[in-house]
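Shared chain: subunit A. Partners: subunit B in the first complex, subunit C in the second.
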Partner chain A sequence: MTALPLEASLPRPGRPSLREWLDQRFRYWALAPTLVVLLALTVYPLIQLLRMSVSTVRFAEGRVIWIYSGLDNFRTFLTDSTFLAAMRNTLLFVIVVVACEMVLGLILALIASQTPRLAGLVRAILMIPILVPAIAIGTVWRLMYNFEFGIFNQVLRLFGLPPQNWTGSATFALPAVMVVDIWHWTAFIFLLMLAGIESLPIEPMEAARVDGASNWQLLRHVVLPLLRPTILVALMFRTIFAFKVFDEVFLLTGGGPGNATEVVSLYINRVFFAQSRMGYGAFLSIVTILLTAVFVVLYSRTVRRRSSAI
Partner chain B sequence: MIPAKKFDRREFLKATGILTGSLAATALAGCAQPTPPPAAPTAAPAATAAPAATAVPAVSTGMTVPKVDPITILINDSPWFPGFEKLVRLYEEKTGNKVNLAVTPFAGMLEKTRNATTAAESEYDIVNLNEGWYAPFFHGKFIAPIQEIDPDYKLDPNIITYKWSTHWNHAKIYSAEDGIWYGLPINGNIQLLYYRADLFEKAGLKPPVTWDDVEAAAKKLHDGTNLYGFAMRGQKAGWATGFDWMTFLRSHGSDWVANPGVDWTVTINNAKARAGMNRCLELLKAYAPKNIADIGQAEMIQLMAGGKLAQGIMVVASAASMDNPEKSTVVGKVGYTVTPKAADGVHSPTSGIWVMGIPKNLPDKRRKAGLTFLKWALTKEAQMEYTKFGAVPVRQDVYTSELATQQPYRWMKAMADSTPYIGENIRIPEGPQITDSIELHVNEAIAGQITGDQALDKMAQEIYNILQKAGYKTKLG
Partner chain C sequence: MILTRRWSAVGSVVLALAALVTLVPFIFTFLNSIKYFKDIVTGALIFQPTLVNYDRLFFSKQSAFIVNTTNSLIIAVVSTTLVLAIATLGGYSLERFRWPRRFTGILAGWILLFHMIPGVTMVGPFYLMMRGLGLYDHVLGVILSHIVLNLPLSLWIVQSFLADLPVEMEEAARIDGASNLGTFLRVVVPLIAPGLAAVAILTFVFSWNEFLFALNLTTTKAATIPVGIAKFAQQYEVRYGEMSAAAFFATLPAVIFLTFAQRQIVKGLTLGALK
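Now for the complex of A and B:
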C-alpha cells in the first residue's frame, strides 16, 4: 500500500472548492427529482384538497369558482346521517373481514407449510381470487346471490328451505358483501403468511421439539412469536385496504338496501362525482385521511411499545 | 467487511454521460430511417373561418351538408351506442366528413364533460349530456347557444324537446320554452309499461290505462312463482328506483315541487304523493318478486325476457332485448303502452334522455363543424336509419311513420302516444342531490325499512334543505 503524503490526507483549510462543495451536497440534489415528484403528486394535491374542503366549488359563468365557505362543510358533516351510517358500516366491515382473513389466511398457510408437496398447488389455487378482476367478481357473486336462480338459493330449495334475499335485505346484505371480500382477500394473507413461515429459522423449532413441546405449544410459543412481524404488516395493510373498500359494494349492492351497505368510499365518490359537491367531498376525504393516519400512528405506537416490552 | 460502493457525484455524472450518449446514438441512428409522412391533423386548427364552401349533397337526408373539419364526440358506452356509431358511420359515408368517437363508460361521462368544458379549449366538439346532470352545464354557460353558432337554424317542430330539455331559462334556473337554446336531444329514452300481450289476450285483458287496470291484470295473472304480476326497479342504484317511482308520483297529481322553475314549494309529501307512494308499495308488495328491493335494470330485463313478469315499468331502451331470440323466451309477445295513470290523474312517463351540446370553449369553426353533424343527425331520414340501427329516435314524425306499424318497431306507437305526457327529470344544478335523496328513501320504503309516509317526509325535508341552502325561494308544502 502506497502511503499518501500527509498534506493530501488532511482536510484543506479555508473555503472548499466548487467540486468539493458539490461532492458534499450530492446526496441532497440527487434526492431533488424524487422530492419534486413527491411534492407535485402528493403534497400539492393534498394542499388543494385542504383548500377545497373549506370552499364551495361552483361551476358558473363558464368557469370554476372557489368560494371560501369557512366551517360550512363541517356543519354539514355534523348533521350528515348517511356519512355516519357509512362510517359505522365501514368499521364493522373492517373488523369482521380483517379478523376472518387473518385467521383463515394463517390457518391455510400453516396447513400448506406442513404439506410441502401440496403447497404449490394450494398456492396456485388460492391465487385465483386475487387475479380475478373486480368486475368479474361482482358479476359472478351477484349471480350466485341471485334470488331466482343463484346457487345459494338453489341449495336452500334442495333442503326445502325458503330462498333468501341475500343482497336485497338489510339483514343479509352487509354479511353477503363481507363473504365476497373474505373470499377475495384471504389468499393475499395466506401468501404473506406462507412466505413468512417458510422463512422462519428451523433451529428454535427443533430446540422446542427436543424440549418436548407439543404442536400447539410449538405454534403458540415459537411459530407465532417469530411470525409476529409478518402478521403485523399483513394486519396493517389489510386494515387500510379494507377501510377503502369500494368495488365489491358498488358492484353487489350499490350501498343498499337503504344505507345497509353504504361505505365511506362509496359515499365520498357519490358526493364528489355524482352530486358534484366538490367542497364537501374534499372535506369528507380529509376526514377519512385523518382517520386512517390516526389508525396508522396508533398502530405503529402499539407495535413499538409491545416490541420494546418484549 | 467489504465497504459498500459509494455512488457519488462523479459516478452519477459518469452514468448520466453514458446514458445520454447511448440515447443520442440511438436517436442519430433513427434519423437514418426514412421519415414517414406527417399524419393528417385530427383536430381542427383554432381558426374562426366558416366551413369550407365545398358542399357534399347528402342525398338520403335531402339537406346539403358542408364539408367540415373532423370532429370528436364524447359519447357514453350505453346499450344504444352501437346504433349511434352506425349513424356516425353513415354520416361519414354520405358526407365525407370525419367523426372521431371518444367512447366512455357512463360513470366517467360527467367528469370528462366537466374537464373538457372547463379547459382552455375543449378536446371534444360535441358532448353528450345526461338529463340527470346536464343542468349545471347549461346554467353555468359551459355550452354554446345553438343560435350563437347558426342564427338561421330553427328547431324543427318534429324534434321532441322533452319538455324543453333543449332550452334553459337562467332566471328560472330551469328548462323552459322561453330559455336559451343550448342543446339537441339525441336519445329519447322514456318509460313505458311493458306487458305480456299474449297473456293479456288469452285472459281477455286490454292494455292497462290506469293503475287500477294494472292491479286487476296483476291479480289475474300473478301466481307468485312462475309469473309475477307487476314489477319495477327497486334497487338503490344511482337514479333507477326513484326514476321509476316518479311516474307514480306524477300520475297521482303530485310532483317533487309545486311547479319547477316557478314555485319551489316542496310537495313531494302531500296527499296526492302519499296516494302515489301507497299505490306503488301495494302493487310491489302484492305482485312483485320478494327481492324487489334488489332488482335493477338487468334483473327487470331478465324477468320480462325470461317470461316471468306480466307487467313492468321499464325504459324503452330495454325493448330491444325482448325480441332478441338469444336473450328472450317471449319474442314477439311483449306489448308496450304509455305508463298508467291514477283514475283521476294523468299519464306521466319520466324522461331519461341524452342531449348533445357544443362546448362554449371552442373556436367558431369547430362549433360549426359540430352543429353540422347534429343538424344532419336529426333529420327525419337520418333518424329513420337511427331507429333501424337499434337506437331510440327523437322525432315525432319517425314515431308516427310507417316504420311504427312493423312488428319489431311496435314500441314506437307507445312512444308517440307518450310524447304529450312526458314528465321531465329533475333539472336543476342540485338535481343529483335531490335524486339521491329520493332514490334512497324510495328504496328504503320498498325494502320495508321505513313506511311510505316516512320516506316521503324524509325526502321533503331533505329536498327543502337542499333548495334552501342553494338559495331557492322554497317552503314545505
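Now for the complex of A and C:
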C-alpha cells in the first residue's frame, strides 16, 4: 500500500494513550450513567411488572415466592368495581380541576402581564404551593377543613350556619379535595401562560391596535390564537399530572368516606401494600400505563392534525 | 395591550387577592403551630404564643422527627449530587455528539413516557427490588428511586440550556487542543451553570417533597419528613400543634429557594412542560 503524500507529512500517530483512547469515546461513557439508570430503574422494573401481572407474589419468612397464575389477575380485573369507581372519580377530578386551573391560570397570567410591577412578587407567592411538600399541603388543608376550628367552619359559624364535616361527608369530600388541587396547581398554569405571553411577538398586536381593535378583540383574535400552542401543551401536562394525584388525597380522606374519593393511584397503592396483592397491583399498573400512553399519543396526534389544518 | 387605568387597578386587586388566597392556609398553619392546644381548638384569634409544639416535635422522646429530617437531608443531597452529574454528562452527550436518530428518538420517547406515568405503577417493582437488594428501609433505596424520578426533567433542562449555547466556544477549545472531557469541564459546565442551578434546586426540592416512594420503601429507620408527617396525621391522638409545626417546617426549603433563585426555578419548571 502506498501512503498518500499528505498523510506522510503528518506526524505519525503512535498507539493512543489510554487517556486519548478514553477521550475519543467520551460520548459513550458520558451517556453510560444515564443508560444504566434507565435500564436498571425503568426497564427492569417494567419487565418485573409484566412478570408480576401474571403471578401471585407471596412473602414467606422474608423470601419472595412467585407463583404463575396466568389470567387470574385479568379475571379479577373484570369484576373489580372499586377500580371502576376509582377511575370514575379520577376522571371527574381531572376534568374539574384542570378546567378550573386552566381558566384561572390564564386569567391571572393575562392580568399579570399587564401589571409588571406587581407580577414579580405575586409570581413568587403563587409559586410557593408548587414547591412545598404535597404532604404538608394535605396537612395544612386537613386543619383548614377541621370540624372544630377549621377556617371554613369558623366562617360558617360566624354567619350562624351549621358547621360541615368537609372531608368526612360523601357529598363534600371530593369537592374538598378538588379545591386543594386547584389551590395547589393553578400557579403552574399561571407560570406557563405568563412565560408564553411574555414571549409573544409584539408586531401582530401593534398591527391590530393600529387597525382599531378593542381590548376584547385583541385578546380573542390575536393573543389567544398566538397562545394556542402553549395552552395545548399546558393542558396535556396538567391532565397527565392531575391523573397521578396521590399525596393530598392520602392525607385528607384516604379515599373515603366509602369510595367517595378513591382515586387510581391510591387504589393501586392499597392493592400493592395494604392488601399485599403485588400481582394484581401490577396488573392494574399496566392498565394505567397503557391508558396514559394511549392518551398522550392520541392527544398529540389530534393537536398536530388540527394545527396543520390552520 | 395597554389597559386603561381603571382596569389596571381591578387587575392589581385580583392579583393581590390570588396572593392572599395562596397565603392564608400557610398563615393559618403557622399561627396554629405557635398556639397551645386549647387556643387551637377554640380558634382563638388572640392568644399567648408558644414554641412548645416545635419543642415537642423535635425533642420529645417519642418523636422521630430529627431522624426524619436527617434522612430527608441525606437523601435530597445525595440524589441531587448524583442527578446533577448523570444528567449533565448524559444531556451533553445526547445534545452535542452524533447518535443514530432512531436511538435518540426511542430514548426521548421512553424518558417522556416514564415521566408521565403515575409513580404508583413503578412502586411495586421497586419495593420487590429493594427488598431483594437488602435496601428496604435504607436511605440508599429511596435515593435510587429519587434519582430516576428526577432524571427526565434534569436531562431536559440540561439539553435545552445546551441548545441555547453556541457551539463555537467548544470548537475553539478543541482547536486549542483541549480534550473532550476538558472542554466539557472547563467550557461547557461554567457556561450552563444557571441551568445546573435549576437542576440542583428542583431535584433537591422534589426529593425533599417526595412521598409515595419514601412511604413504601421505608418503615422507620430511613423514613423522611413527609412520611413522618403522614404518620402524625394518621395517629388517633390529635396533635394539631405538632402537625402544624411539622408542616410549616417542611415548607422552609421551598421558601428559602424561592427567595434566592426564583428565576432559575421558573425557567426549570416551565422548560419541563414547554420543551
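Everything below uses one rule, namely that the second predicted complex is superposed on the first by the 270 of 310 C-alpha atoms of A that agree within 3 Å, B and C clash if a C-alpha of one lies under 4 Å from a C-alpha of the other, contacts with A are read in each partner's own complex, and residues count from 1 in each chain.
What we mean here is this: a contact is a pair of C-beta atoms (placed from the backbone, for glycine too) under 8 Å apart; a residue touches a chain by one contact, two chains touch by 3 or more.
Please read all numbers here as calculations on a predicted model, not as lab measurements.
Contacts of A:64 after superposition: both subunit B and subunit C are touched. Legend: residue contacts after superposition of the two complexes on their common chain; A:30 is shown touching both subunit B and subunit C. By the document's definition of touching, both partners, subunit B and subunit C, reach A:273. By the touch criterion defined above, A:73 reaches neither subunit B nor subunit C.
In the superposition on chain A, contact is made by A:259 with subunit B only, not with subunit C.
When the shared chain is aligned, subunit B and subunit C each come close enough to touch A:148.
Counting the residues of subunit A that each partner touches, subunit B and subunit C differ, and the larger count belongs to C. In the superposition on chain A, contact of A:167 is made with subunit B only, not with subunit C. Once both structures are placed on chain A, subunit A residues 23, 26, 30, 64, 148, 273 are touched by subunit B and, in the other complex, by subunit C.
Residues of subunit A touching subunit C in their complex: 19-20, 23-24, 26-28, 30-31, 33-35, 37-38, 41-42, 44-46, 48-49, 52, 57, 64, 107-108, 111-115, 118-144, 146, 148-149, 151, 154, 183, 187-188, 191-192, 195-196, 205, 215, 218-219, 223, 230, 233-234, 237, 240, 243-244, 246-247, 250-251, 264-265, 268-269, 272-273, 278, 281-282, 285-286, 288-289, 292-293, 296.
Across the complex, subunit B meets subunit A through its residues 8-10, 12, 107, 110-111, 114, 118, 133, 136-137, 139-142, 234-238, 289-296, 302, 308, 360-361, 429, 432-433, 436, 440, 443-444, 446-447, 449-450.
Residues 22-23, 26, 30, 58-64, 82, 147-148, 163, 165, 167-170, 253-260, 270, 273-277 of subunit A are the ones touching subunit B in the complex. Of all residues in subunit C, those touching subunit A in their complex are 1-3, 7-8, 11-12, 14-16, 18-19, 21-26, 28-29, 32, 40-43, 85-87, 89-90, 92-94, 97, 99, 107, 110-114, 116-129, 131-132, 144-145, 147-148, 151, 155, 179-181, 184, 205, 208-209, 211-212, 216, 225-226, 229-230, 232-233, 240, 243-244, 246-248, 250-251, 254-255, 257-259, 262, 265-266, 269-270, 273-274.
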